[in-house]
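Two complexes, one shared chain (chain A), two partners (chain B, chain C).
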Partner chain A sequence: MSTQHTRRLALPSAILRHTALLATGALILIPFVWMVSLSIKPPGEIFRASFSFWPEQFYGLENYTRALTEAPLPQYMLNGVIVCTMIVVLQVAVCAPAAYALAKLDFPGRNLLFAMVLIALLLPHEVLALPLFILGYQIGILNTYAALILPYIVSPFGIFLFRQFFKTIPDDVIHAARLDGLSEFAIVWKIMVPMALPAIIAFGIFSVVSHWNSLFWPLIAVRDQNLMPPPLGIMAFKNEEAGNDYGPLMAAATIVVAPLIAAFLSAQRWFVEGLTGGAVK
Partner chain B sequence: MSIAASSAEQQAGSASVTPATRAALRRQRISETLAAWALAGPALLLLVTLFFLPVFAVFAIALTDWQFGASSLSFVGFDNFREVFADEGFRASLINTILYAVIVVPGTIMLGLVIALLIESGKSCRAFYRAIHFLPFMATLTAMAIAWEALLHPTIGLVNQTLASLGLPTANWLRDANTVLPVLAMIGIWQNLGYAMVLFLAGLKSIPQDLYDAADIDGADLWLDRLRTVTLPMLGPVTMFVFIVVALRAFETFDTVQVLTQGGPGHASEMLLFTLYRESFEYLRTGYGASVAVVFLAIVVTLTLIQARVMDKRVHYQ
Partner chain C sequence: MAEISIRSMRKSFGATSVLKDVALEIADGEFLTLLGPSGCGKSTLLRILAGLEVQTGGSLAIGERVVDGVRPKRRDVAMVFQSYALYPHMTVLENMALPLRMRRLSAWQRLPLVGRLLPGTKVTADQIDQDVRRTADALSIGHLLDRKPGQLSGGQRQRVAVGRAMVRQPAVFLMDEPLSNLDAKLRVQMRAEIKELHKRLGVTFVYVTHDQSEAMTMSDRVAVMLDGELLQVAPPQEIYADPDDRRVAEFIGSPKINMLEAKLREDGFAETAGTSFSIPADLAHGTTLALGIRPEAFHLVDSHGENVLTGSVRLTEHMGSDLYVHLAVPGSDHPVIARLLAERAPHITSGQTLHLGVKPERLLLFAADGRRLRPDNRPNGTVLRMKEHA
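Up next is the complex of A and B:
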């Protein structure tokens, strides 16, 4: 919008804008603030129910220590990191070559393959959970990392997104690479992927955020506490603690939420792009 | 036109097409096809194994009386679907999901739009406000649901404390059949409004300045006039798109139900994905669960196809 438009926004309306946005912002933040507040309060203060954010007696150390030692929370976090990393690496490894073939090569069956990608894009993973559970059972991978990773190693959305981006790379670049003697495989990894890095990063953020946060499939795929990703782990912790020992529970919740929030605040643009990119484009 | 083939043609140049160049051309085509299938092969195999066979399997299982672990099964036609729709629990679940969406979708759109308009109406602190409002969308919902549970706790929760201190009636929000669904919907709005806001901000950016200038000339001096004559009409397509995307997310709600209510009290907060999960994986009523999955798929596909049409319109529109 032009400066002319902004200038017309006189002082009273500017104040109104900030007041309104600070009010809605504060409301939005209440759950986060309350979570952190309870995570540093001793049980007595939690049950006395006061409005104050800061505790009279700082109990953070005890709560966070208990969260980290009574439940295998570090293990949950590690599981989350392992699973998300494996998924995103495999997704790029599987989707980038396929997207290149769809974007830049001519071969019989290309339209059919692309139609399959579009149809797969329609299918919500929850619908496929039952057959995938049976498949996991048949090949004996239930209750392993493999069960958490397998359903996601091909991402129709990833193929779609990469194909769109690869299409914008000029054909001359590929001609030149072929004249230099690069194989098609090398063209994907040495030319296309580096040139499409913004799309790869945006997709990576989308993938990591959705799998770090996901509860539905892990709930089905693993029972062993040592394999649980953070959302499932914290749910198990809540059920064990009978949900009433709020201090350590809130500390655990804070620890689970913190990494993504820290990453988001340090790379806001990338996150907004990654999480809405597919939708906006 | 394929690159490899076209480069082969270039190599052939203007010379007359001899059998030798034709053979070279064919060799190049074959090698391009082989390369393409080698590159796309793993993805194809995985798409078939992880998407297409499972979706066929869901339809097949829905037509049988199979139970997970049972060694025999028989074809029962549409019996499972009849049972699903006759089941009070499922009907409650379907109605709850629709009611939930009916609250969440307009709530999210209105708040998202208002916040986007407020942010865009000034220059300062845009990134800051956008970040705050977007935060719930990417925070782990399972963990945040636990924070919400603490806020909504009947005696020590902040919500009831605040209401009590203002002299307003309090409630046991998550255990009362009358309040549980609206409360879950509030959490849904809280989680999604930042997403709607970001989509609206993108929509606002794409409105050409000329239209505002034209509105100025036409005497639309007030902010409200410009909003009514330019901004809102131009946001029509984006709004339709946000509507579908948020509706899809509303229908796919699972985490809050699983963590906070388990569908209760009674069936008061049972929603489709929770029913799907419970029937398939807790009660192991496999055929029934598959039928619920088919119904869920039908709803999601319908919404997505509407979205595809809307996206088409948007492209023509610009």
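Up next is the complex of A and C:
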């Protein structure tokens, strides 16, 4: 990126741009900073009128200990890891071949199928909650990991995203692969998916974030405390009668989002890095 | 043995007919070029040969075997694409090894980690590695094996693409305009290298191009295609000097052949552009002809007469050894272009009147429908014979 940056902005316009960017950046960042700040403050300091990032009395240890012990947060996080990993792996396993067929193979009804994918894209998942619940009951998977995973493995968004990306890969590459002796599935896994890695990773982030934070479907599909997702660990400190216990609540929230931020930051460079360069010309 | 036999090959996309009844026999070890302007169906024909496209009708045999409906990888053909079509996420070594891995290793042996533990994998993998390195060294890209295609120059990518095709020793090489993405200098160099490669490997090459200089310099035979039809299949020299069809004559040669429309008079002379040419023929008078004259068929003469074109010079182009003269002649919208040896025509300026003579035997005659009319040298006189269309 930096090597191509030859044009320099004029000073006033640079200042203007950076102000706007900093303002939007701050707008998004401040709640997180506040969250971290509250998670290390004792209850008395939380409701003070004046704001300071650092607490007068460091109360982080107490808040984080309560967050981890009051509710089985580690168990919830482990559930989150298991469910999100399974979902993302199965989603890619289903979406990549489907998207390849829609993007590169010629068969009757292809456009109709793609139109159906687009329609499915319009449906919010909540609409399907009841039918899925009944279906889950019928096949007897309610209250298991399967109930949390299976409804999500066919992702219309994933199929759509991969299809658009696969479309940009030249046909000649596929022709070459066929001549080299690759089967259609081998083309998907050995050629298309590696070439579409930025799209796959972007999709993976979306998928993991949304399922990590999801509470609606898990509360419907499972009852067992041992299967609950991470957000339920935050719910434990939301108390109607005694008021919310903000210190541990924020500590739990910090613990829950931390893996997401870590994952996002480590995957970030893949978005930027163009992996498709050099295929042709 | 890999002779290729194409019989009444047809291909249409919807209502558009791309290949119209193409028939072609390619000998084992031959270098055949499919030459034609873009959209003439030459690439489609090549993709049908590779098995990447299915023909609408007709049959194809490679070697003794009819390969209609046979999958690309079972045809023993390799292809080099115009865009090279390298796998950008693999190194040069992996790119070149892939066709061998797919053929020599079983599906289990190709598995990551587990595959290495299976019996025989290591021996085969080492063999593949050696083969790739040998091929890479032959193409002098041995030092690039660890790089990815994105880190290579156009010429190097081109070699890798050739290497990937070469490494598995196919019976037939298919090349789809492999040089068109290279700069002019590199193109000339690669032209020689591909020719050399053909000599060394001795296998059948089918080469698609729209560049006539590539076709003329590299091929054993050139097949000129236009609008989905094969117009003529012949050695390069014959295609140039003895075209079967007006379209072939017009497509081959730079500058383009001069075409003068003429009418045959009773006395056996064809009248055009303010002069008359003696036609060695007994065609019915009144016949409409097109006289094709290659630019180099002209020579300077002192005065106007039969077989001499007279006109005023519009433009001269010095090309070093040659001088191109654009001559405006009466009755023709296009200037006639003559190629003269520069040292024999030193003082030509625009506006000057020039007389250019043509020997009758250097005229190429075409009938109104574009077919070539050939003088047939028989003892009792020369007659014109309509050559049957191939």
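Methods note: the second predicted complex is superposed on the first by the 207 of 281 C-alpha atoms of A that agree within 3 Å, B and C clash if a C-alpha of one lies under 4 Å from a C-alpha of the other, contacts with A are read in each partner's own complex, and residues count from 1 in each chain.
As a convention for this text, a residue touches a chain if its C-beta (ideal position, glycine included) is under 8 Å from a C-beta of that chain, and two chains touch if they have at least 3 such contacts.
Predicted, not measured: the structure shown is a model, and the values here were computed from it.
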Which of chain B and chain C A:191 touches, first, second, both or neither: second
Touched partner set for A:226, first chain B, second chain C, both or neither: neither
Which of chain B and chain C A:57 touches, first, second, both or neither: neither
First (chain B), second (chain C), both or neither touched by A:180: second
Most chain A residues touched (candidates chain B, chain C): B
Residues of chain A that lie at the interface with chain B and also at the interface with chain C: 175, 178, 275-276, 279-280
Footprint of chain C on chain A - complex, ascending: 170, 172-173, 175-182, 186, 190-191, 194-195, 197, 275-281
Complex contacts: residues of chain A adjacent to chain B: 1-2, 5-6, 8-9, 13-14, 17-18, 20-21, 24-25, 28-32, 34-35, 38, 46-49, 51, 94-95, 97-98, 100-102, 104-110, 113, 116-117, 119-120, 122-124, 126-135, 150-151, 153-154, 156, 159, 171, 174-175, 178, 184-185, 188, 209, 212-213, 215-216, 219-220, 230-232, 234-235, 238, 243, 246, 249-250, 252-254, 256-257, 260-261, 264-265, 268, 271-272, 275-276, 279-280
For the chain C and chain A complex, residues of the former touching the latter: 47, 50-52, 71-73, 77-79, 81-89, 98-99, 102-103, 148-152, 154, 157, 164, 181
Parts of chain B lying in touch with chain A, wherever the complex brings them together: 1-5, 7, 32-33, 35-40, 42-44, 46-47, 49-55, 57-58, 61, 68, 111, 115, 118-125, 127, 129-144, 146-151, 155-158, 161-162, 190, 193-195, 198-199, 202, 209, 212, 223, 241, 245, 252, 254-255, 258-259, 273, 276-277, 280-281, 286, 289-290, 293-294, 296-297, 300-301, 304-305
